[in-house]
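After this come two complexes, each holding chain A, first together with chain B and then together with chain C.
Right after this comes the complex of A and B.
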């Protein structure tokens, strides 16, 4: 299979977990993002000669009018970071790489129509009803089929698959009856009754009304795998192989072997007719060194690029002026400061003072060259629910003028006798320090200067050794760094578990009846407008209390570049001299429809051929 | 002679045991393990802890360190270097897949390094304090001073800017499948590695040559009416080569260990890049095995170099 153009599917920064994430992202280090950068192509018209070797010539005639999605071709991407696949079983995979991969191969019950605002549409389900937020009835589409293997025999996807998908995760048991950890079992345990009136209808009854149920089913980690195959591979689930994940979605897995390039092939039986635009994708070996990635990009061996150093990306765009686009995308891993209210910061006034003293905009400049935006308790990435920027900039900690903020901060600090706290350590996780080494100087200096004290110090810590093991017991250190909370556009569930008095991740032991009531009501409604209103009220309450120690600071922005011939999965397309905008939240499922190559673009000339 | 070799072989076994033990201990002292890397970090604490525990159990990482050490050292003694946690393939297989690539690149680097350093070292000494000597010394000093990645980056930027040729970063071509593509990929790392590796040898050879050429036997050779070339090559260079040989031995050993920086910079899937990625993801068995093999090669090359000393200089006795 030969191709002629390039494609990029960048999901950098969109992969997050529910909860605290080691932000081993960027720069090859890991997690806040896997950057998937690829090249895709399209079939050349029959008359177009195949290039002799190495490079694709500029086509003489247009296969299709420029601007129209072209069919065919093979994309080539890059899977950045030292991530490993921990399981072929999407239910048992605790790491995100398997979830990422499954989104190109499998479907979910429902999916995000707009990944930023949270509007839902059917995926495997063609329709659904939710009369009271505790009962959800789905009609499964009849035109979805499993990839033809000896186990699936190309049978229809039906409600039994969804039933098994829910029941297995809720039970937390393998086919032989043994217990094993399932990443999302606690969520599926909330489904207390499952009815299947016919082959294509399924009804879930929840233990209590949950307005966020659909959002969870649309999340990137909620793909529905084939049951026969998953059971067959239960024992060997840690050995990656393409046989373990037959497709029902846009692509089938051609090669999935550890240490080898991952290869996807167009699923000819995809129920979404006309999708995907590509014949396949290839994800070659990891680029551990940014130099290798850059050389590949500049020579069109991959079609897009994003560096942990945004100025490098900018420099490459400048050096290839007129041939490349620039796109800015919010990074899902939110930057937080956590102050332990169980121990050192028991007085909420101290937390409020710290919230005021943290100079968010200065830190965005210091660490991210200005590429970032302040976030409230719900980040700006979840734009449907977040407080508007206008409102936020009138709140404590978010005002542009620093004098008023610092005066208030000092008054609160003095009133609460902050000096009595003695030395205050703000720890920085090693994964953050790997990218911004001077943070241990910058953070204490900001607080010492802002509050007019000398008691702030900073040192290195790790998520796995000091932070996570001490969350549940309430003895976690104060720390500054990534804490991902953005795994979907609907923030209600995360806000509830983290801030409700009975929330499972309420490590600060927050107990505010008014807040509880708002969070409860927001969780119960399926009315989006009502949910947003209630949620915003809860956010205001959190802001009044200095976020109760979980101080949300900002989300930064990733800059990516691509060759002009490569049309991406953009939210706002780039124009000459103006950067485009990527989807804030996971929008990879839209790529089969949105990503294509303009083979007639002058920048396409010289692109090396790609084979599957 | 044979007694000396036996003694050195026994000593080498001890060295390898120490290396194996040190590598095992130090890698296990690093924060994090492969189970954590697999499972990653998750706030759903109960499930996360369970998943980590299960992953550790499956990998055998839940056993005490001393138990794992005993298993490891016994396996090593039986030439079993373990299996990759990630790919499940044996260390031998993993290294075997990558060694040809590293050998390709390493041989080219050694070729460039020796081709540059030997003639330049000799010419620089013979033409001492002439403009030729100054130019060549400046070149050698630059080669020593500039890190290999710096030379590689500069050369890469030149190739990109002038669009000279395609460096096939993604395809990883080999000399035996795509010679032209492989040469284009290897050109910059070969030049950068060759300059960097050869510069030290150049300077060493020059200084050795200058020292040797002041000896009486060189004067005698000249007095006998021997041609200059014979004096330089047969009398001076052969004697100057003793320490140079040691340096060259390490360059050859470097071929086996892989050019970690260069292989990573150019996405060359050789032993060096493999070592680096294994360390990053805490896939320790192949990492430990690879380090052990590299150590074996280094001590063996050292032994060969020492034996070669005797051939080059009969005055050296192995007693």
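Right after this comes the complex of A and C.
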């Protein structure tokens, strides 16, 4: 307690008001200090940059044969709210951060050449054949090796690794035979037969043709981990350690420990010669506080910045004209509201009412200053499959006329006796609250006003302590925030896994035979037009049922800024006066090829030295 | 013995009947006190102001704290592509928020925040919450501290030893860390819990202060006298000791209010205050992310915290001066 010092002093000597007030002041200062300390890294902060003469000397960049500067350096970045890992096991992680991290360290069987268009190229597979959509044969490349550890002994990556990767997830069992939830088990269960004709060839036979098979293998969560290590860490899979994820890809994990900066180091044995450009990355465990992030960015302690308030990013770019780039990116982490239909929201009319009462466009204004667009069950990032904006604006929850929406919502709420639900908590993850503090007021206010009730409340929650551990058992809280990012341009598999009665992420226990049939048929077809039609029919069914509690709200557009010396992973590079475009769908695996620090750029001057 | 009874007992019929002349003399006394301790008078005036604002907030706030002010947006196009929206965010909604409006306008005296809400209304409502938390936590800590301090100091021995070691244990733990722990682990930070947690942490300090005063009072001749004529421990504690330790209790209570307001602001600033309430600490936090673009929210809410804490501290200070005969008149 802040007054403690004052009180203690008074008992030793005399109780004086001065001592008391002094104690309070010291306590107050302590609190303020605590607030600041709370925003800082435990890592020793880098030196404050000083201009010109005192600037940290940059190592002289060696010139490429072509005359271009050497592409290297170590980048310091920030993954806002993302340094929270629920598992080191990529198969068992339900949160995205582990998958995100694994894309720098591991490989997939195939990968997206361009995540937004869905063009696929080999990753661990150097080639593949698919005579029909039910049989896929992959030739695994021979030059990929595991990072040298006591368990891997730098052995080659081969088809056995891929076989284990598929079989383990399909079985949903640990090495000791115990059952455990695997996020993508329902997908891998569709592989009914796996043949391995030789060490580097593997063939998957699916239960039926699947037009999305390669997409799933290219998704960010499909990285292939090392089997010996994963098995060894099965029991301790929640304790983060670099030992739990030996690399086969562009970077090795130098440090991955709780409370410490994550450090990636260039993997000298990467099979893609010449990659990665960057010698390493440092992701400090700080900046839950966007204000601290901003200050660090202005001091060049981190290389890029994106404020939750896009106008602030704009202001910083304006203040540093000519030294920074601006990039606009659709955020694949979709904003959702999850209403638990296993517990409080058992009546589908209630979730329909909530879907109607949520004012999507108002929230886009409130949190993102208009930078965003409403999304249906398939988000606008997956444009080819999404319902057209014209159609969407005629559906419940998406109409422009709010009065009509709210009247319908109130009628449904009353008909389903919503009042009987008592207090309804819509929880907000702490990582969201770190960016938009007042969400706990804004969300209940919207529902209470919209539905004409007073029963909505809101409080803080966490992904790792309350949401993720309770997904599989169906006891998750009602919550609003980000849900797993869109993994690729084809939404069929994701929609199937989350909404099919046998889907492994069907946490709402949806059981609609008509929906099942549509989702199954959409997965089977290799005719794109038919797939889109079936998928849209499934979306309409979901919309009629209030998304069955997994209420898709919107996707926002992030405005990010970076110092010009920091060459990033862009879909469309920024030019003077024109913002660039980032990949809307996660393209972290492309970073080794595209990201580097240009030490010859004038903006590099004054950047503190970064070491691994 | 009769004399002792006369000294110690306050007869019921002695309840004051205030005649106008006496009231006038009291007002004169207050005026004299104010002249003698000008800073204290300012503190009391400020405290009264804060209390008045808190009590009258429903009539003073002008707008609902969550009312969002917005302007119709003719550029809205519900079917605009995200790429078009990226170029012109006005396409995305039928209105735009009146965010970050400057202060001193007829509609928004203190401007608007990032969500287009009236800062003045939020500060007024924040005052009510600050006072509830300050007074509530002080009441809990002082009331519970008085009971345990009284028992500890009066009975001494093993009772005293046990209670004081418990007090030592709580005081040895950094207060803010314990508070953060309580608020973040045990319970969702709602208003009731915040008040109880703050009150609990203040209990140890209150106990210690009350105990030390009880030790001094217990050794007084009139307590000895009460014991000697056979009064029970309970009677001695309640009728003879307690009235004589009330002065420091009142002072602790008044000064603690400011400290608890500050502590709650710190918790809210760290995101651990009552989640669904408008608090000054939360406003400081929300506003600081864009201090250079719109300093008003942080500035005004910070000023409100300063005024409230200063008011209760100065008032408590003045009370202390007046109640302690050694400091009276300094």
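Going forward, the second predicted complex is superposed on the first by the 328 of 612 C-alpha atoms of A that agree within 3 Å, B and C clash if a C-alpha of one lies under 4 Å from a C-alpha of the other, contacts with A are read in each partner's own complex, and residues count from 1 in each chain.
As a convention for this text, a residue touches a chain if its C-beta (ideal position, glycine included) is under 8 Å from a C-beta of that chain, and two chains touch if they have at least 3 such contacts.
Just so you know, these numbers come straight off a predicted model, no measurement behind them.
Within the superposed three-chain model, A:291 lies in touch with chain B and with chain C [touch as defined at top]. In the superposed model, A:312 makes contact with chain C only, not with chain B. Applying the stated contact rule after C-alpha superposition, one finds that A:505 touches chain B and leaves chain C untouched. In the superposition on chain A, A:365 makes contact with chain C only, while chain B stays out of contact range.
In the superposed model, A:430 lies in contact with both chain B and chain C. When the shared chain is aligned, chain C comes close enough to touch A:458, but chain B does not. Shared contact residues of chain A with chain B and chain C: 17, 20-21, 31, 291, 430. Listed in rising order, the residues of chain C touching chain A in the complex are 66, 68, 70, 76, 78-82, 85-86, 89-97, 99, 114-115, 171, 175-176, 178-179, 188-190, 198, 201-202, 204-206, 208-209, 212, 248, 251, 255-256, 258-259, 262-263, 266, 269-271, 275-278, 282, 285-286, 288-290, 292-293, 309, 313, 316-317, 320-321. Against chain A, the residues of chain B that register as touching in their complex are 31-32, 34, 36-48, 50-51, 54-55, 58, 84, 86-89, 94, 149, 152-153, 156, 160, 166-172, 264-267, 269, 273, 276-277, 280-281. Per the touch definition, chain A reaches chain C in the complex via residues 1-4, 6-8, 10-11, 15, 17, 20-21, 24, 27-28, 30-32, 34-35, 38, 290-291, 294, 307-312, 315, 328, 330, 361-362, 364-366, 369-373, 380, 389-390, 393, 400, 430, 433-434, 437-438, 440-442, 444-445, 457-460, 555, 557, 579, 581. Those residues of chain A whose C-beta lies close enough to touch chain B in the complex are 17-22, 31, 54-55, 76, 82-86, 92, 94-96, 180-183, 185-186, 238-239, 257-259, 284-289, 291-292, 295-296, 298-299, 301-302, 430, 462-465, 468, 471-472, 504-505, 608.
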